[in-house]
Amino acid sequence: MKAKCPEDSKTIMTDLVLPSETNPLNNLFGGELLARMDRAASIAARRHSRRIVVTASVNHVAFNRSVPLGSVVTVEAKVSRAFRSSMEIYLDVWIDDRESGERSRANEAIYTFVAVDDSGRPVRIPELIPETEEEKIRFDGALRRKQLSLVLAGKMKPADATELKALFDEK
Amino acid sequence: MKAKCPEDSKTIMTDLVLPSETNPLNNLFGGELLARMDRAASIAARRHSRRIVVTASVNHVAFNRSVPLGSVVTVEAKVSRAFRSSMEIYLDVWIDDRESGERSRANEAIYTFVAVDDSGRPVRIPELIPETEEEKIRFDGALRRKQLSLVLAGKMKPADATELKALFDEK
Amino acid sequence: MKAKCPEDSKTIMTDLVLPSETNPLNNLFGGELLARMDRAASIAARRHSRRIVVTASVNHVAFNRSVPLGSVVTVEAKVSRAFRSSMEIYLDVWIDDRESGERSRANEAIYTFVAVDDSGRPVRIPELIPETEEEKIRFDGALRRKQLSLVLAGKMKPADATELKALFDEK
Amino acid sequence: MKAKCPEDSKTIMTDLVLPSETNPLNNLFGGELLARMDRAASIAARRHSRRIVVTASVNHVAFNRSVPLGSVVTVEAKVSRAFRSSMEIYLDVWIDDRESGERSRANEAIYTFVAVDDSGRPVRIPELIPETEEEKIRFDGALRRKQLSLVLAGKMKPADATELKALFDEK
Amino acid sequence: MKAKCPEDSKTIMTDLVLPSETNPLNNLFGGELLARMDRAASIAARRHSRRIVVTASVNHVAFNRSVPLGSVVTVEAKVSRAFRSSMEIYLDVWIDDRESGERSRANEAIYTFVAVDDSGRPVRIPELIPETEEEKIRFDGALRRKQLSLVLAGKMKPADATELKALFDEK
Amino acid sequence: MKAKCPEDSKTIMTDLVLPSETNPLNNLFGGELLARMDRAASIAARRHSRRIVVTASVNHVAFNRSVPLGSVVTVEAKVSRAFRSSMEIYLDVWIDDRESGERSRANEAIYTFVAVDDSGRPVRIPELIPETEEEKIRFDGALRRKQLSLVLAGKMKPADATELKALFDEK
């Protein structure tokens, strides 16, 4: 299997915020954005692996900015690191400003997908080779996030999470 | 404001998995479950605060079990800890077994909501007093999760996250 | 087949009223509430019978109170009587008051479901044994309602509907 | 206000049965058909009254035939009797046979709507004058159904439901 | 195969404009109307051919009038000409005026469908015999439109489009 | 108003084909694709004009390839020519091949949008300056298509459609 770069899986999903997706303050429901990001991330994971993919986990997601009804929202997804059969997908969410037309960042999120065969068993996927500076930073962070995920799920002892532990020892 | 207990905000959302919500393996999309949990959590947050509430963040969510088309899924949400204007909501997801009728746990998730007034400004909310053993464990864990969230968002130094740091020093 | 009690099939479906479900007065469409109640009733029927179930009929439903956009609506369904292969499901609909947080009754409805096998043929289902006072009253009323349903469908002569006839002779 | 005939409010809604509307047997959910009939009936009520209309009640509905995925379903709604501000709407549901192209009757249903002003208060509506034989039969039956509805809602004593009582005395 | 007339395929789809289908001016999205017309046209094509049908093309569609939220919209579809395995479907869209109750024309559109077998291969369909004056005019125009479609798709040389060419030579 | 180039309005909408959007052959409904293209085109039109935009017309659209359930579909929209207040939007539709991962062209379409103010009146929009070879070809074709649209709508005499007429005289 030939290695790929993040650009190969890049997925852009630009769409409107429709009335059926908004809360009483006329902003996009957090849950709707989570669902859109899941669809975009699943396409990126499929582009990297050319396999059926299923959501394995969602990393911590913070909703820093509200997204008003009628907004143009762009979700951009790229594979940030490939493990044996799982992939970390990094998502950036942008909103177009109505006046200036400038896009500003609304959110970031990280999803993990697993590539499976027709009966749902994990399969090997190609390696990922980061290219840009940002891709390299995200690639490096992915291992730390994987350990955090295993610790939180009770599948790894905090003491064994060397990458993560360093974070707290550092200062 | 009178303090409340988790039972006061308990929200049960039982529903079917419909064909429009499934992936190529005929299982519920992760993103759809995230959206349902967001709606259930928002109702629990509203029941605790009697205010407009908006999603602030989603904690790490792992999808351990696939949920097949036609399943009966129950999402149960309860406020697990109340801060000044934000609330942590703990969600348990159950599936009915078709044969035995037994419910088995499919997922857990933790969302944070903020109570706001009509113009979107945070408002004070009642205190939460945990009652059962499980509620107390979740209440205690909430502070550690809040620190983790602040650290991940770059709003708190790892060294100041005392509750969290202890986790790694322990062993 | 072991007899069951109404509590075994109890199904709670709490959800928001979304903008796509409202009429020009910004209230929930009657038809949307009918569809939600059908889903909740089908789950209760499945929990009692552990079979595929299909809607057989809907009893008279009155919409006494309008349900505004953004409301929290709770549909609660329980099997009220089991016949050979059909079940009567009793539904109670509640709305949370935004100020006081009190739930108040918005509607009642009665659906009938039939349990079927994979080819759609009716199958035997467990007996139902009512427990609470309310469950016993609903259990007793179910026979009268079944007769009314058969009379209205032209499948029973009014004179043979003994339970129903009594209603009019009584006073 | 000029009287109208049933033809003036006749509403035809032909549409496909889509995958998102079907149950595990691949047939249209009862609840979806109830929602479609509600929309068709509301249009017929609006055409008669030229007012905002809200669902007041749904009469007994029997689902005699299943409606498979991909079917062409026609819902036809006509006002069958107008009272002071409420209207009874009679609905006929037809399915196209795939082979012969013949339409066959799948269901009948009766809904009641109330015409209201902008603040939700009932308003006077035009009289209805039935024309065909079938329209006259439905017009006559509407009074009996209204009494049944009032009796079931506990708003009329069975003894006062003269039209209804006759049904049981007849034989 | 017996020839049919346009009336045999006539399909009427009356429905409301719901909040989830409207743009920031509170009017029906053009794209939603295109989707409704596609469904109505597919039913008309199926009624003519009694076969599975797929959209082949959409002729030029102009949106002359906006359709506000809450409107009653009627889409009427009839086969206007049948070729070997393709059919032209003519659609008329009407809106009910809220005050007068009069229906006024909002749009016209022309879709082409192809009848296929279970594996997607085109099959022969019955001939169409127009009856009314309008049906004859639409029948005659269909050939010209077919040529235009072939020319635009680069499958016919403008010089061979005799019917179409005449249009420009005429005056 | 500063002139813009097509790249400034470029909009990419990549998404999955979900079960609720497919016909009996398990392919995307033509009408659903028309609706997606309308949303993508409206965003491109908004990015060019920074105004509210409404669909004015859809040019001839041919559906040459079916798009199966589960496909990854990319709709790409760019303004191809700006007139006084209307814009032509050119859309390219691509599908990912499941095996090779190659994207292949599935469709092309052309929509026209008009920029309006809050009360729906047309407003001036910036000029468009094409840059690439393809953009120049599309820019040139836009005038011919506008004439065709006016002729078909009966708003221009064929004899006055000089650009269009040339097409038929050419050979």
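Order of writing sets the labels: A, B, C, D, E and F. Residues in every chain begin at 1.
By our rule, contacts are C-beta pairs under 8 Å (C-beta built on N, C-alpha and C of every residue); 3 or more make two chains touch, one makes a residue touch a chain.
Remember, predicted model here, so these are calculated numbers, not experimental data.
Visitor: Kindly list the shared contact partners of subunit A and subunit D, in label order.
Guide: Correct list: B, C, E, F.
Visitor: Could you figure out which pair among D-F, B-D or B-C mirrors the A-F interface, over half of its contact pairs being identical by residue number?
Guide: Among D-F, B-D or B-C, the interface that shares over half of its contact pairs with A-F is B-C.
Visitor: Report the inter-centroid distance (CA atoms only) between subunit C and subunit E in whole Å.
Guide: Centres of subunit C and subunit E (C-alpha means) sit 43 Å apart.
Visitor: Using CA atom averages as chain centres, what separation in Å is found between subunit E and subunit F?
Guide: Once rounded, the distance between the two centres reads 20 Å.
Visitor: Per the centroid of Cα atoms for each chain, what is the distance between subunit D and subunit E, given in Å?
Guide: Those two chain centres are 31 Å apart.
Visitor: How many angstrom lie between the centres of subunit B and subunit E, each centre taken as the mean Cα position?
Guide: Each chain's C-alpha centroid was found; their separation is 49 Å.
Visitor: Do you know which subunit D residues sit against two or more other chains?
Guide: 19-20, 24, 39, 42
Visitor: According to the definition of touch, which chains form touching pairs?
Guide: A-B, A-C, A-E, A-F, B-C, B-D, B-F, C-D, C-E, D-E, D-F, E-F
Visitor: Going by the contact rule at the top, pick out the subunit D residues touching subunit E in the complex.
Guide: 11-16, 39-40, 42-43, 46-47, 50, 72, 96, 98-99, 101
Visitor: Which positions of subunit D touch subunit F when the two form their complex?
Guide: The touching residues are 18-20, 69-70.
Visitor: Mind pulling up the subunit F residues that touch subunit D in the complex?
Guide: Touching subunit D from subunit F are residues 19-20, 22, 24.
Visitor: What does subunit F use to touch subunit E in their complex?
Guide: Touch residues, subunit F against subunit E: 23-25, 27, 29-32, 34-39, 42, 52, 54-63, 66, 111, 116, 120, 148-149, 152-153, 157-159, 161, 164-165, 167-168, 170-171.
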